[in-house]
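For reference, the structures are reproduced in the following blocks.
Each of the next two complexes has chain A plus one other chain: chain B in the first, chain C in the second.
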Partner chain A sequence: MFYDRTLSSRLMLGTAQYPSPQILRDAIAASGADVITVSLRREGQEGGDFRRILKDSGCRILPNTAGCHSVREAVTTAHMARELFGTDWIKLEVIGHADTLQPDPFALVEAARILSEDGFQVFPYTTEDLIVGEKLIEAGCRVLMPWGAPIGSGQGLRHLDALRSMRAHFPDIPLVIDAGIGAPSQAMMAMEMGFDAVLLNTAVAKAVDPVGMARAFGQAVVAGQLAHQAGLMPPRDMAVASTPIFGLAALA
Partner chain B sequence: MITVLGAGVAGLCAATALAEQGMTVEVVTPADAPDPVSGLAGGMLAPFCEGDGADPLVTRRGQQSIAWWSARVRSFQPRGTLVLAAARDRAELDRFARATQNHRTVRPDDLEPDLSGRFARGLFFADEGHLDPAEAMASLRSRLTTRGVRFHHGPHTGSRIVDCRGWSARADLPDLRGVRGEMLELFAPQVALTRTIRLLHPRFPCYIVPRGQHRYMIGATMVETADGGPITARALMELLSAAYAVHPGFAEARLIHGGAGLRPAFPDNIPALRRAGDRIHMNGMHRHGFLMAPVLATDLAQQLCHEVIYAN
Partner chain C sequence: MQIDLNGQPTVTLAATLAQLIAERGLDAASVATAVNGEFVPRGLRDGTALTPGTRIEILSPMQGG
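Here is the complex of A and B:
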């Protein structure tokens, strides 16, 4: 449940950098995603035509504050998003580093508090730090979005142990791996680890065939979710034959 | 008489193709029409490079436009395109090579000695070229005038209308959207590049098109907005830092001009001819104006020629 909403797909798709709106539309359909994220910082009020295409996709829209570097910018952008899309959902990004695009946890918590008090349902883009996670929940967030790796880097899940700890530490909070996913196997791994969803953009948008890649990611996320639900076997230190040795037919 | 509305690259190519087929043509631009955004274009004729992102149709058909332009304008330069990436972005070069055709790996210094020592590897697209949009449009205009084609502000007198007004035709084409593009023109006496350079960068890709006499066009941003206001500080910083990454001589360049405009685009970003009543729209040129206008204009002239023959 993401703010009391059940999603039919656990893949969330970003909408930037596609070759064309038509290909974006086809990629969304092929991926099966029913949540898409949209940036506003640079497009501004005049980006209405592109936003209409996104609304027409029938997906639930999660506007984001990508490109914001301060609490004030992020809060202003969130208000603009609410006005333009008529939704309280906001993916909150407050960037700390221009190079790594790492979230600024201090500004993030402050912006999350301001927006939550104002009735927004905040999806904060954060690190895997447990204390920051707790502070975000205190501030009113009911979803956390830890990064897999820096935005657009395609490095996958860089800190597996930290992500495992986070999953164990917040068993009842929906956790979405956001950013850094480069391959369907990485998205699948996140789902196998018990994360609730995966959010990505570049890996699909900049693929040579975005629609094909969107389909691959959609299937990987479903497979990972099924595997997690079905219960993965634990790794063992020794070989265990799956076929009994006794009773084999002697093929002379 | 056929009336062509608009005198950007689409209108001029349409009028040229029609006039060359022997049809009587006039070109009408209302007195208050905005300057054509084609004037801000890079003027790259790069059907293979555009294969990264553009529909395969653009690569396949865009190739025809190279011969079309080289037969008609003086500024056309068949020098190819050199694609580069900084050492840490080498993977971008591999991705680009996979996404495109008709290139070979080169040492950039061998082609552009002024880049000596700066890039270890590049991709060269030998069968591409570039032109100077201002010169090309002026050439087409003067060729048309020589043929007796009249340019005026209206009212139009033709019985058929070919609407090449770009973004101004938006009211008639509801799925047309504007994609903002920002560009710079620099005078860089310390830089001596002879062909189009594309710098691949995960965040700030750019291209540099030589315009002769040490003038360079640096472009271009792509933002999904219909805000056609002046170039932003962000675009200036990004484009200049990307140009500087290609050649440090750009740091001492003089800024001649910074422009911003809206590329008219259909949802698939493919330029197209569309019929609406007795009007034919040639629109949605997106970033392919100079590459695709001759192709659509040739199609248009053939269609209208057939109609005339059929009507007679």
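Here is the complex of A and C:
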């Protein structure tokens, strides 16, 4: 449940950097995602076409505050997004570093508190830091979105042990791996580890065939979710024969 | 008067934010506005007077990740 809402797909898809509006449209459909993320930018010419794509997709819109570096910018952007998209959902990004696009955890928690008190349902883009996660929950967040790797890097799950700890530390909070996913195998791994969803953009938009890659990610996320539900076997150090020894012919 | 619209020095005859949106030919329901860094809800655009040098942001939905 993501703020009392059940999602039919655990893949959340970004809408930026696609080769064409039609490919964006087809990629959303092929992915099966029912949440897509969008931004706000200075009024341009292509706004009308984009609004139509959003509407036609039938997806729930998760506006973001991408590009904001301060509490004030993020809060103002969130208010503008709420009015424009008619949703209390906001993917809260407060960037702390221009090279790594790492979130500024102090500003993030402050902005999350302000927005939560104002009725927003905040999806904070955060690191895997457990204490920051706790502070975000205290601030009113009911979902956390730890990064897999720096935005757009395609490195996958860079801090596996830390992400495992985070999953264990917040068993009842929906956790979405947001950013850094480069391949369907990485998205599947996140789901196998018990994360509740993955959010990605560049890995699909910059694939040779974005529509094909969107489909691959959609299926990987389903496979990972099924695997987690089914329960993975524990790894072993030694081989254990899978074929029974009983009844083995004596042919030596 | 001259204002700052989306980072560009802009000359306008509009006296209010609502008039500015109309003057620019924008669909009022498809944009969100901020004045001097503060969000201005749709319902307050009529009552938001512009003065020379006012910094205005008019934003619309855009592709994002």
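Side notes on the structure shown:
Just so we're on the same page, the second predicted complex is superposed on the first by the 238 of 252 C-alpha atoms of A that agree within 3 Å, B and C clash if a C-alpha of one lies under 4 Å from a C-alpha of the other, contacts with A are read in each partner's own complex, and residues count from 1 in each chain.
The rule is short, and it goes like this: a residue touches a chain if its C-beta (ideal position, glycine included) is under 8 Å from a C-beta of that chain, and two chains touch if they have at least 3 such contacts.
Source: prediction; values computed, not measured.
Touch criterion met: A:84 reaches chain C, while chain B stays clear of it. Contacts of A:50 after superposition on the shared chain: both chain B and chain C are touched. In the superposed pair of complexes, A:22 makes contact with chain B only, with no contact to chain C.
In the superposed model, A:208 makes contact with chain B only, not with chain C.
Of the two partners chain B and chain C, more chain A residues are in touch with C. In the superposition on chain A, A:41 contacts chain C only, with no contact to chain B. On chain A, the patch touched by chain B and the patch touched by chain C overlap at residues 42-44, 47-48, 50, 152. Residues 6-7, 24, 26, 30-34, 37-39, 41-42, 57-65 of chain C touch chain A in their complex. Those residues of chain A that touch chain B in the complex are listed here as 19-23, 25, 42-50, 53, 152, 206, 208. Chain B meets chain A in the complex at residues 53-55, 95, 98-99, 177-178, 202-203, 223-227, 234, 265, 267-270. Interface of chain A with chain C (complex): residues 14-18, 24, 37-44, 47-48, 50-51, 54, 63-64, 66, 72-73, 76, 79-81, 83-85, 151-152, 200-202, 205.
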